[in-house]
Structure formats: structure tokens, C-alpha cells
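Okay, so subunit A shows up in both of these, paired with subunit B first and subunit C after.
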Partner chain A sequence: MTGSVTSAAVTLSHLTRTFGKVKALDDFSLDLAAGELVALLGPSGCGKTTALRALAGLEGIDSGTVVVGGRDVTRLPANRRDMAMVFQSYSLFPHLTVEGNIEFALGLRKVPSRERAAVVAHNLELVGLGGHGDRYPHQLSGGQQQRVALARALAVRPQVLLLDEPLSALDAKVRVQLRDEIRRIQTEVGITTLFVTHDQEEALVVADRIGVMESGRLVQVGDPREIYSRPATPFVADFIGTTNALDGHAVDGVAHVLGQRVPLLPGSPTGPVSVLIRPESITLRPAADGHGRVVTTGFMGATSRVTVALADGTLVLVQLRGSSPDGLLPGEHVALELAGVPALARRVRA
Partner chain B sequence: MTATTTAGRDAVSASRPVPPGMVNALGTVPFFAYTAVFLVLPTILVVVGAFTARNGGFTLNGFTQVLSPRTVTIFGTSLWISLLTALVGAIAGGVIAYALSLSPAGSLGRRVFTALMSVTAQFGGVMLAFAFIATIGINGLVTRMLSAFPSLTPDPGFLSSLGGVAVVYCYFQIPLMVIVFLPAVEGLRPQWREATENLGGTTWTYWTRVAGPILLPSLLGSFLLLFANAFSAFATAAALISQQSVIVPLEIESALRNENDLGMDAYAQALAFGMIVVVALVMGAYAALMKRAARWAP
Partner chain C sequence: MKARGAWFRRIVLGVALVYFLVPLASLADFSVRFPLTGKVDLVAWQALFGGGESDKLSLLREGLTNSLIMAVMAIVISLGLLLPTMVLVRLRLPRMSKVVEFVCLLPLTIPAVVLVVGLAPVYLVISTKILDSNTIWLAFAYVILCLPYVYRALDSGLRAIDLKTLSETARSFGASWPTVLLRVLVPNLRSALVSSVFVTLAVVLGEFTFARMLARTNLQTALFEINLSDGQIAAAVSLLVLGGTVLLMVALDLLVALQERRIRPSTRSDVS
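Showing the complex of A and B:
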């Protein structure tokens, strides 16, 4: 019981779930390889939590199938799916100690009491809370409570671990710490994990792959680098990271922007377009006859951010390595050099 | 001029600032004054009176009478009618409170129903007794309407019986339970049920190992409150049962009004003392329960 878990591959096929007139899941399909951590990312109401709950069996589906480890569990109730979940918050049983919470499911599985103690101790050590077994949940901080919730979930050695925005109720510093801990533990245990979050940074850091959702549909699945650098749709480009929308004209897979050529990613339209360019794909050069004027500069340690106002009033965010170069002060005229990194374009809105 | 200034300065330095704790304590004076006048003082008077004869001397006559078989029976009746109506109220009110907690918070139906419960929980005494008499009493509206159907007609003496009193008590016990228990069931988080299911538990597991233990202190606390509420009720029973003293408050009234035996004052006070002891035991049990729950309650 204290060893590694038996991870299982998961296949969600064509899931549909409607609440009234709202399609929370619209032909949603996703595969998770055994031991993989996939993050479902999207704005509030996009259906990511519904997808996770459908996998857990806590939410019914109108159509589709859920297969875990080769077994169709679509019709199985939540308590027979062999999964464990960490909720956003408040899921620990308040009347049980930390040990009691972790032992809870072990008792249901008739694990002998001697073995239970070993499992509790092992999992508490795993989440860095050894010695806290006799505390009650209200005696722990938010971060510690989520660690206990994670230990409780892992103690039963589930086939799949489900994380429903487990960090969103924590403050920024604890969030970063626990985020890294979750990744470490998931890698160490090797458990198949579905992680739901609306925080793109969280998803980029912890996930093997990211699935971006919009209006109940999975619009792109890929590894974090691919999602960031090769967004499939303007929505993904907008939602992941920061983008500048610069007017241009697209012909044969190349856009002409500010008199420069920018290669376009597949799926980009032709004709008048807005090209979505990352702030770090632009560099600046002082030039009296440049494209615009520096509005603000901000030092961020390893990088600096500069806002440039173009002649037509468009504001462009530029991220430079290191501190901003000498001479780049508010009011300075600068030229924008587009680094030629492939970008996605969208049709210009009328 | 100089002397006056010096004296003034001395006067200022002599007046020490009032500690903040003392200022805060002043705010509790009305509470303690109220408690002293309406709780402590009557209790002392009852306890002293229970041991005081009409001539001012010490007596145990009151307690001797309290221990008589008849009075013991009356205490027994009071206890079981209180326990019964508290039990019925706790179960029915608990189920209703849970059902109410499942309705959308702030919905019109929920607000209306909660308001209705608040009103009926306070609707006791002579008014309530009259409402029942006017409905299912000997000449009650329902009794008259059903007179053509003898098998459906309520027993005319039902309201004057202990069973009738228990039913009428339930009329305010159930709503009272709903009001006092609703916050506890509202505190049950959906995540606890889902976590139970997710960890392999069933609905039975949830109620017996999660929701049940979490609600138990509130449930027992509410039960004890209902018990005390019924145990001390007087007017409702007095209006329904005019010829007998079947419960302790009615016996106290009977003793105080007894014109044949002027030595019944000590007996009445001893009965009241007995009631205080019962309620004190109930409150002690409640405090012990709360202390136990406080280990895990935030």
C-alpha cells in the first residue's frame, strides 16, 4: 500500500453534457497516457471542471464514454471508479484528524490497521507533513490542508488522480510551492493525473500536456511549448500568455506587418489580418523615424517590459531580456523589429 | 498663578487612565445585571424557599412531598412527554431542515417557509390550545364537518389527554427544530459528500461516518433545547387540561393556588427546584457535548 500506484490510461470519448441551453461539454474527447499529467485549462465556465467531474463519476453525461485502464466505467458510480480527487478547498472532514482523514478510505477498503498506520505515515512524509497526524483540519493552514487532501487521495493508490483547481484558494507564495510539490509527487508516484486550472502559468509549469478548452470544446491539446509557441486558434493565443494584435496583410503564409515579414502558422487567414505576436518576439531600436514612442518602461529583474504607442495609437507590449537599453526612456522614438517567429493571425474584425 | 498651574498638573498626573479591559468589561454590565435579576435571583429564591416553612423555619416537607409516588409520577409524565415531543420534533424538524437546506439559498420558497417556521415556533400557549380546540375540539370546525362520518371524527377527549398535549406540543417543537438546526445542515459542504463517494464510500458511509458525526453535536444540542422547551411549557397544557395536574408546571400552579393547605408553598418551590435540577443536568450534558465538539470545530 505504500508502494507506487498502478496507473491507468484514460480515454474520454465524445462526452456531451448540457445544462439547460448551455453545452458544458460539447463532443469532448481526450486521452491521457498512463502516468501522464494533463492540465485542462480554460476560462471560467468553459467546461473543464465538468469534464473532470464526468471522469470522476460525480457528474452525469448525456452521451459519450469514459474508459479507464481499458475498462468502460461510463455507467459506474463514483465510488467504484478507483479514482481520488483533490478539491478546490474545504474537502477534508473537519471532525477527523489528519490521520483520520487519510485512514478514512483505507478503512472502507478493509486495510488492516497496522498497514493503515504505515500508509498514513508514508503519505504524510510524501507531502512533507510528518508529525502533523494528530492535528485537526482547522489547525492547519490552507496549504497544509491541501497537502493532506493530496495525501488522502494518494493513500488509496487510485488509478487516476483528479485535481480540481487545488491551488486556487491559496495565496501566491504557497501556490507556487505546492504547485512544484504536486509535480514532484506526481512524478515520484507516477500516477495518471488530470489537473484542472484556469491559471495558465500553473498549467505550463506542471503539465506534460495541456488541453485548452473553450465553450465546452477542447480546442487544442499539446505540450506546453507547443501550446505557447504554436497556438491553434486565436483564442488559445489570447488565453495563453500575452499577445499583441498588430494589423497586417497576409499572403501565401506570410504577413506583412510594420513593413516586415512574419511567417504565419497554419490556420491563419489571408488578406487583412491581425497578427498575434508575443511580447518577447519583438525587439526595439532607438530611431527618430521609428514606428512609435516609448510610453512606459518597467524593470522586472531578468527582463524588462516596454510599452510602445504606434502612430495610430495602438499600444504594443515588448519584453526585453535584461534591463531596458540605455536611451529607452518614455517619449523616445523607437523602431519595432519583429523577430520572425511564426505567429498566428486572425481575420480583422469589421 | 504659578501655584495654580502646578496644582492642575499634579491633578492631571494623579488621574490614571482607565485600563481598556475595564472599559470593555463595562459593556457586559447589562448582561450580568439581567442574568442576576432574572436568573440567579429567582433560582436563589426558589432554592431557599424550597427549604423554608411558612413560619420562616427550616423544612424538608416540600421535598418529602416531591418524593411521594404521585409527584414522582407527575415528574415522570413531564419527562416522557418532553422526551417524546423533543424526539418527534428533532426527527421531523431535522428531516425538514435538511430538505430545506437542499433548496436554493435565498429562494422565495425557502424564505417564506423559514419565516413560517419562525412564526409557528413561537405560536404556543393559550392561543395554540384554542386553535386546536377550535379545529378538532368537541365543537371544533373539523369535528363538526366530519360529524357525518363517525369513523373519521376525532375523539372529543383527545386534546385533553396526554397524547393530545403531545401532538399540540409538536406543533411548535417541529418548527423550533427547523429554525435551530437549519444552520447546522446548511454548514454541510457538498465537497464532503463528493469526497466520500470519490474515496469509495456510499450514501450510508457519508451519513454514518461524515455528516452524522459532524451534525451530532448540533442535533443533540437542538434535542436538549426542545426537551427544555417542552419541560418548562405551561400555558398550552394548562389550557388543554384544566382538571388535572399531569405535568410539573401544572402541579406547581395547583400547589400555589391551593387554598385548603397553606403549607404548599414549600412544595411548589421544591417542585421548581426539581425542575431546575433537571434543566441543569440537561445543560450540563449540552456543555459536555459542546466541549467534545470543540476539539474539531473551528
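Showing the complex of A and C:
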């Protein structure tokens, strides 16, 4: 049973959902192309899980429409939406073996029983757990349980795969491993996937496109590079990656920071601003009359991180390529060179 | 210290056993000893197993049958009523959970005699207008009596599982609510369900007040009647019923333990 999945495009239009006074979804719209993996990213409480649950049919919405594969499913209950979900908490049925779990799901989807064994075996192989079919969930590690949950979700060949922070309960090493595997399998199977996470690195690595959410709204959707290098709002710039906020003055799309010119991204204000500059967009040069002093240096393998204190006390994080920041020692005076990479600015808070 | 702890445990166990077993032994002794002469005879047991038929035996048979039927009815009704309600309340109406708890625990605070006074007019209507005066309809009242115990058992069972994730997972795979309940939740609530069954069985088989005051025949009222004329048979039957109930519970318990061991062996295998 290696047949291709009938992936479907998804359109979420103007979804609204309020819990008391909190707007969990505020006119939320998002399109997923068939076979695409979109990650919804945002801090906890931003509404990303509510959006996913609204698509799954597990959460009611106040207004808006959900269209999957051209069919309006807004009013359909969860069990009739042809989706499959992997949850953050382990969701395997404890009373069934690994095989039993997958077969149970297949049975619910009316897969003929003579075909089930082959589907089970194929999907367990896919997630690298062939031969674990007779184990019970408690006999598996967290990472293995999530693999089985993934295999179970893929086995039913849903139109849409929903992943609700599937990696956040796992330890760092397993998380990275499984994250890469989810990407591999998703590409291999070609299934439309909505992946909810609060981990920006996860989203950057896994997704075709990322939607960044803030207070129930989708503030930017784009491919990972775009989100990282051309953030639409200061919130996105802050949330994705690390940024330094350096004081400057903006005129005609250019900010003057530390006596240097930094081109500004669209949407930046003019006048006194904080310019949001990535640590890797800065280089350091030893200079007795430089902008500040090195506070700490940290070796991170392929890169090094240096913290510099400016004259006014502002701390600036700099990421340098290469294994050692030659000659840079704490206390040394350095000049900051801004690489001229376009950056976003925000109005200085009064 | 350790040895002293072990001794202490043994002493406590011994005292508890004496406390429970002495009355049982006395009961057994009473059933085989003719009260006036003190002579050992097996008349009571012969009457029970001798194959003969008597009014006493048929009364007993009627009471026992009624009680067993009512136990089954009470189990089915109370679980059928309470399990879906509690699941629904937990998933959809968590604010109602205190209300449900209050209602379910209420029967504990009302003495059976008071309850039966309130129920008497209800049963008048039931027996004349809706159903008939058959004893088994007392099962409805027994559901109320068992509610606190069934609630407690299910409550602890539901606390032990991730109800929301399990039911949502099954829903997302296409399970209807009855499927979620019967094929996902029930297997994972097995021990909670079994303890509800135990306690309902025990309550119904031991119930006397309702049946007596509403003039119905159940096991306890039958035993009471027989005891008035023949204490030895009543003692023998009490012993039998007690033994039977214990055996039934041990069997159920073993069955569940066996199932549980299949799912959750005590030794966790080391997989990482």
C-alpha cells in the first residue's frame, strides 16, 4: 500500500473564535496548497492551536469558513472531516499494541481488513519502527510513541495531516531527529500538512511556508527565508531569530546607526527609531576608539558569539563566522561594522 | 526497624482477620448446630441441597433471583447513565462537574429510611400506572443508592487517563461518540468499571430497607422471613451468598489483573 495520498488544498477564511474576552482567532485567513507543509508559529496563547483545532473540527468557530479539497467542511463534525492528527501529548491508545493502534484507525476509515496488515507494515517502516508492531505504547520511548502516532496518522491517508506541537514533549536530540524525519516523510508522501509550533527553529527547518501569529492574527506568511530576512513587523523580527535593537535615525528608507547607513525594509517608520539588526549582520574590528567593549565571548563550534557593551550601556550580540574570534578578549575595545543587510526599524518607545 | 514493621503489619492483619472471620465462623457453626441441643446436624444444608422443595426455598430462590436481576439492571443503568454524562461534563461542561458530583453524592447523606419515604409515592405511581408491582423495578431506586460509589469509581478512573486527547484522537480518525465511548474509553477504564460493578453488586445484594418498606421480596427480605422460622437455613444461605459474592469478585478481579498485566507489565522494558 504505497499508493499516493489524495492531498487536498485547504482554505481557512476569516475565522473568528473568542473565549470570553480573549480573541483566540481574529479574522484569521490562511491557504495551504495541496502537498504543502505550512507551519503556524507564535508564542503560547497566540491562537495557533485554536486555528489547527478549528481546521480539525475539534473547536467550534464563531464565524468564517473552512474549505478542504473544494468542499466546505465548516459545519462537519471532526469525525467526518478526513483528517488525521498528531498531538503534543502522547495520544496512542494505551490498551492497544502499536499494530492495534494503526489497525483501529484503519478500521474507522473502513479500510478492508485484508489490506490492513500491509498498510500497518508499510507505515511502520516509513517511520523506522518496523518490527515494533507487537509492543504496547508504554513499552516505547516518547520519540517512538510520536513516530507511531505519525505512522497511524499517515496510514489512514487523510486529506490533511495536522501536527499540534508533536515534538515539544521530546528531549532535544530526539526532537531534532524526528523533526528532520517529519520533513523527509512529508516530502515523500506529499501530504498537505499544518504544523503548529512555538519553536522557530523547528518551523524554519520543516516548513515550506511559515505563518507567524500574534494575538489571534496572522501577521506574516511567507517562506522561511523571507520571514527571517524580511520580517513584516517588529514582532516577527523579534520572534524569529535573535535581534539587536540599536538606536538610530531613519530618513528616506535608510537608518543612520552608529555612524553607518543601514537600508530599511518597507514598513519602517522615519525619525528616531530602533533598528532591528541580526547578530550575524554585524562584524567586529578591534579599535581603541571603537563603539564599545567586549563583555563575553562564546565559542559555538562553527560560529562564535560575542557580547559587546556600547558606551551607553546597550548590549549587542554579535555572531561571527569561524571558530574563534581572533584576538577578541573581554575588555577589549571594538568597532561594530554593520554589513548593510536591510533591516526593520520600529519607532522608539517613549 | 524493618523486621518490626513486618511484625506490626502481621499483627494488624491478624486482628483484622479475626474481626472478620469470627462472625463468619460463628455463622457457619450456627448453621450446623441445632440451637436447643447443641448437637451437630446438617439439616439446614440438606434442606438447601437435598433436592427437596419447600416454601422457604422457593421464597429464597425468588429473593435471590430478584436481587441478581436487580443488580444487573442497576449496574447497566448506573453505568449507562453516569459514564456518558461524566465524559460529556469533563469534555464539554467542566463547570458542571461540581453540580454532577453534588447530585451523585447526595444519596450518601440521606438515610435509606428517609429515601424510601420519598420513594413510596413514586413507586405507587410506577406500580399502578406505568409498570407493575414486580420487585425488579426497585432497581431504579438502587441506581440512586449506588450513584455515589459508581461516581467515585468512575471519577478516579477518568482522572487516570488523558480523556481529552484519547477522545479527540479517536474523533479525528473518524470515530463516532459511541465508538469513542465503547472502544476507546471503556477498555481504558476497565478497573474503574469493575470496581463500580463490585460495589453495585454488594449494595444491591445487601439491600433490605427499600424492599422491606415497599413490601417487595429480595434476597435480604427473604432471609429475614426465613430467619423468623428457621435461623439455621438463613445462616447457611447467608454464608453461601457471602461466599458466592466473594468468589465472583475475586474472579472478576483476577480477570482484570490478567488483562492489565498484558497491557501494563510491572517490569517496564527498557527501550529508548
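Going forward, the second predicted complex is superposed on the first by the 346 of 350 C-alpha atoms of A that agree within 3 Å, B and C clash if a C-alpha of one lies under 4 Å from a C-alpha of the other, contacts with A are read in each partner's own complex, and residues count from 1 in each chain.
Methods note: a contact is a pair of C-beta atoms (placed from the backbone, for glycine too) under 8 Å apart; a residue touches a chain by one contact, two chains touch by 3 or more.
Keep in mind that what you see is a predicted model, and the values were worked out from it rather than measured.
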Simultaneous placement of subunit C and subunit B on subunit A, clash or fit: clash
Contacts of A:Met85 with subunit B and subunit C, given as first, second, both or neither: both
Partner chain in contact with A:Ala56 - subunit B first, subunit C second, else both or neither: both
Which of subunit B and subunit C A:Arg17 touches, first, second, both or neither: neither
First, second, both or neither for A:Ser141, with subunit B first and subunit C second: second
Which of subunit B and subunit C A:His291 touches, first, second, both or neither: neither
Footprint overlap on subunit A, where subunit B in one structure and subunit C in the other make contact: 56-58, 77-80, 83-85, 87, 89-91, 93-95, 104-105, 108-109, 136, 138, 152, 156, 162
Footprint of subunit A on subunit C - complex, ascending: 161-162, 165-166, 168-176, 179, 183-184, 187-188, 190, 263-264, 268-269, 271-272
Sites on subunit B touched by subunit A in the complex: 189, 191-192, 194-202, 205, 209-210, 213-214, 295-298
Subunit A to subunit B touching residues, read off their complex: 56-58, 77-80, 83-85, 87-91, 93-96, 104-105, 108-109, 136-138, 152-153, 156, 162
Subunit C-touching residues of subunit A, taken from the complex the two chains share: 56-58, 77-85, 87, 89-91, 93-95, 104-105, 108-109, 135-136, 138-141, 144, 152, 156, 162
